[in-house]
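Letters are used for the chains, namely A, B, C and D, taken in the order the chains are written, and counting of residues starts over at 1 for each.
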Amino acid sequence: MYRIKLPVIILNLKTYLQSTGDRAVKLAKQCEETAEKTGVEVAVAPQFTDIAPVAKAVSIPVLAQHIDPYEAGKYTGHILAEAVRDCGAVGTLLNHSERKLPLDRVEACIKRAEKAELLTVTCADTPETCKAVAALKPSLIAIEPPELIGSGIPVSKAKPEIVTEAVKGVNEVDSKIPVLCGAGITTGSDVGAALRLGTKGILLASGVVKSENPLNVLMDMANAILTSNPSD
Amino acid sequence: MYRIKLPVIILNLKTYLQSTGDRAVKLAKQCEETAEKTGVEVAVAPQFTDIAPVAKAVSIPVLAQHIDPYEAGKYTGHILAEAVRDCGAVGTLLNHSERKLPLDRVEACIKRAEKAELLTVTCADTPETCKAVAALKPSLIAIEPPELIGSGIPVSKAKPEIVTEAVKGVNEVDSKIPVLCGAGITTGSDVGAALRLGTKGILLASGVVKSENPLNVLMDMANAILTSNPSD
Amino acid sequence: MYRIKLPVIILNLKTYLQSTGDRAVKLAKQCEETAEKTGVEVAVAPQFTDIAPVAKAVSIPVLAQHIDPYEAGKYTGHILAEAVRDCGAVGTLLNHSERKLPLDRVEACIKRAEKAELLTVTCADTPETCKAVAALKPSLIAIEPPELIGSGIPVSKAKPEIVTEAVKGVNEVDSKIPVLCGAGITTGSDVGAALRLGTKGILLASGVVKSENPLNVLMDMANAILTSNPSD
Amino acid sequence: MYRIKLPVIILNLKTYLQSTGDRAVKLAKQCEETAEKTGVEVAVAPQFTDIAPVAKAVSIPVLAQHIDPYEAGKYTGHILAEAVRDCGAVGTLLNHSERKLPLDRVEACIKRAEKAELLTVTCADTPETCKAVAALKPSLIAIEPPELIGSGIPVSKAKPEIVTEAVKGVNEVDSKIPVLCGAGITTGSDVGAALRLGTKGILLASGVVKSENPLNVLMDMANAILTSNPSD
């Protein structure tokens, strides 16, 4: 299974028109350029239909936005872990606030992903649910308070205690699982704040996708990671 | 919007390993070969991740297996109509027995598809729900009794009255919507029976995907269409 | 099965605190008083927990707000048709905008209700979905555009064409199914408008439940029914 | 909030016809008789429609089988925590294998229940999900492997390691939360085995409901609790 290098920037392309098709490939190349110039790990999570072309175009890690827990078989319209992997993804987001799963399916999806050698970035809304998810042993956990998603208000600044409690709760259950900070991050300064609260990177979307100059934003964020104290 | 030529064979690739990745492309090429040799319309519905490579490899119509009703925007892990279209699909299956939708979403998905110029093959389990779906104006309707899906027992033979009632019910609401026959079809003989019951083609999956010689089965089915009376 | 007398006023008590427990019984008695004084049929749909006490307290028809399609058996936390009937309900709402169902479950619930001799008031959002629902043979259909629910803006005035199209569409499929008008009705005048558009009554909630004087509102609405032309 | 006395027997009445309406009241009285004769805590979880009559008929704790996370308001067909409480329940089951919830809703339901002063018995399928649920601070946790529910094969005997791992996992997160043993329990001997594995009681259904002599089974189970070592 691919191991994400920390700290990491994960760009969720969601289903914005600005990040569909050719524009997904273009954004992925800007992520790759950022990674190459700074040495910081940058991963990208395109729509299912864009995984194959994105994975062909770049050498950075590509993630799916979701997988279903089912084995291969008769499941029309579902997302097969092996299909995602075979077209070039090394992992998947799970349980995003916009694609929530029953508790038992979070576990089933994590196990399915492991079997297909896909890493999992499992999202949760609150410190308590982050702690809960830690018991299910995902590769990484992202804390994303839904009220701040797409708001431009970084959780690392608006509600830093949510982030520190999430990190603390996850550590109590399994100290080897890194926590990422999501929701509202738009600048390098937000990234620095997120790392100082104990997270090992960020999961973001609109702050880059809807920016006029995505490469500049990505470079600003990667540089914020470089200038944060790596020994933390 | 692409107009399906009738009668049609639609091959749903589901999430079988035998129809994932390169094997999806191979099956799509066999569909194309069948269409070229016989002049019968053959369409293929691969997994989302395989739409782009399949659409590049063949010139027959490609369908998604599902779309979500949402406009472009912040919807992690969802299926955007425009994304499906931009990578080469001309339409989508909807409300398959393995991917059922709330009634209001069936309508919303059909409208979303129309807006993105995607045709819709909307599935239903019973004559009554086929008739109901007709009120929502999909491009085509497929009757698929779930107990026969993947059974190798064709609904056209096991329960012909289900098929004739579905055709009758749909006609009462909107006589312009063709009805396809799904569930359990494995031979050309099954296809002939389906057409004699008033359907305009078939939607099938395992009968071809899990066959030892998919091309032979497809050719057998296309020839059954050629030898059925087109004036019916 | 109980046959609703038309035109009818159906009061959905939802899960407002003003219509929970003893207050559900009180509102049901005001519905009964209205029915007794005017001769107009008034039915009430309390929460599941209130069906038994409400049905004991009044002699007007009592409806559940939902049932599940399952037969009796091992279904923790679900709504059994027989349980609803045995504690005094004569029917159920289905597919309300706040409790939407997959298309095949709308059909399954209607069949389950019939088997338990419960009448069904099946809701739908649009003229198209009302027409679709008609194919599934519910006892009555209620058109409730979700954007007007609880708005105080009656669909019969804001968008009369939605109501007339719903009535027309349902009639095309099955002219024996009465259509009720929901969403935004608060006065007798709204009720009169609804009847003139071809509906056979109303389904409402907040207009009565949140009113300062529910009995007055109910009497106003029942009188509007009496003064509308019954030969229409 | 009511505090369950440990060890406890919780009888889930599900939606069996044998435990609907008058038969729910009868079974609840047999639970009460068992509690009175043995001093062992016995609680009962009837269908929503039966909570009011059951709570009037007996003085043992009554639980709902589910609640929804919503505040009072416009939620047709949903289960309001206050409605459940006002008709006599002191708590609720949550996330039963037959009524699974998204992870964030498990948390929301537990918080809603607390606000309405209802205790929560939150179910989970596996040791890992039991541990996860512990982070959300329910009153009690019940481990119920779905493949054994209703099987007559007690998890305490078939897969004792599942029970001990669930107890261990929950203890690691919050040692104050008691774990109950569910699935397949039909005799006093099964109950004894469950307690020796570290659980503080049992959650069961068919073993009593479908028994020819429910009172005998309940008394057998309560006596097994009395003869187990209370100092454990």
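Please note the rule applied: a contact is a pair of C-beta atoms (placed from the backbone, for glycine too) under 8 Å apart; a residue touches a chain by one contact, two chains touch by 3 or more.
From a predicted model like this one, the values you see are computed outputs, not experimental measurements.
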item	value
Touching chain C and also chain D, the following chains	none
Centroid distance [mean C-alpha coordinates] between chain D and chain A, Å	37
Whole-Å separation of chain centres (CA-atom averages), chain A against chain C	46
Residue numbers of chain A (touch at least two other chains)	97
Those chain pairs that satisfy the touch definition	A-B, A-D, B-C, C-D
Sites on chain D touched by chain C in the complex	12, 14-17, 20-21, 47-53, 64-66, 70, 72-80, 82-84, 86-87, 93, 96-99, 149-150, 205-206
Chain B - residues contacting chain C, complex	95, 100-104, 106-107, 124-126, 128-129, 131-137, 169, 172-173
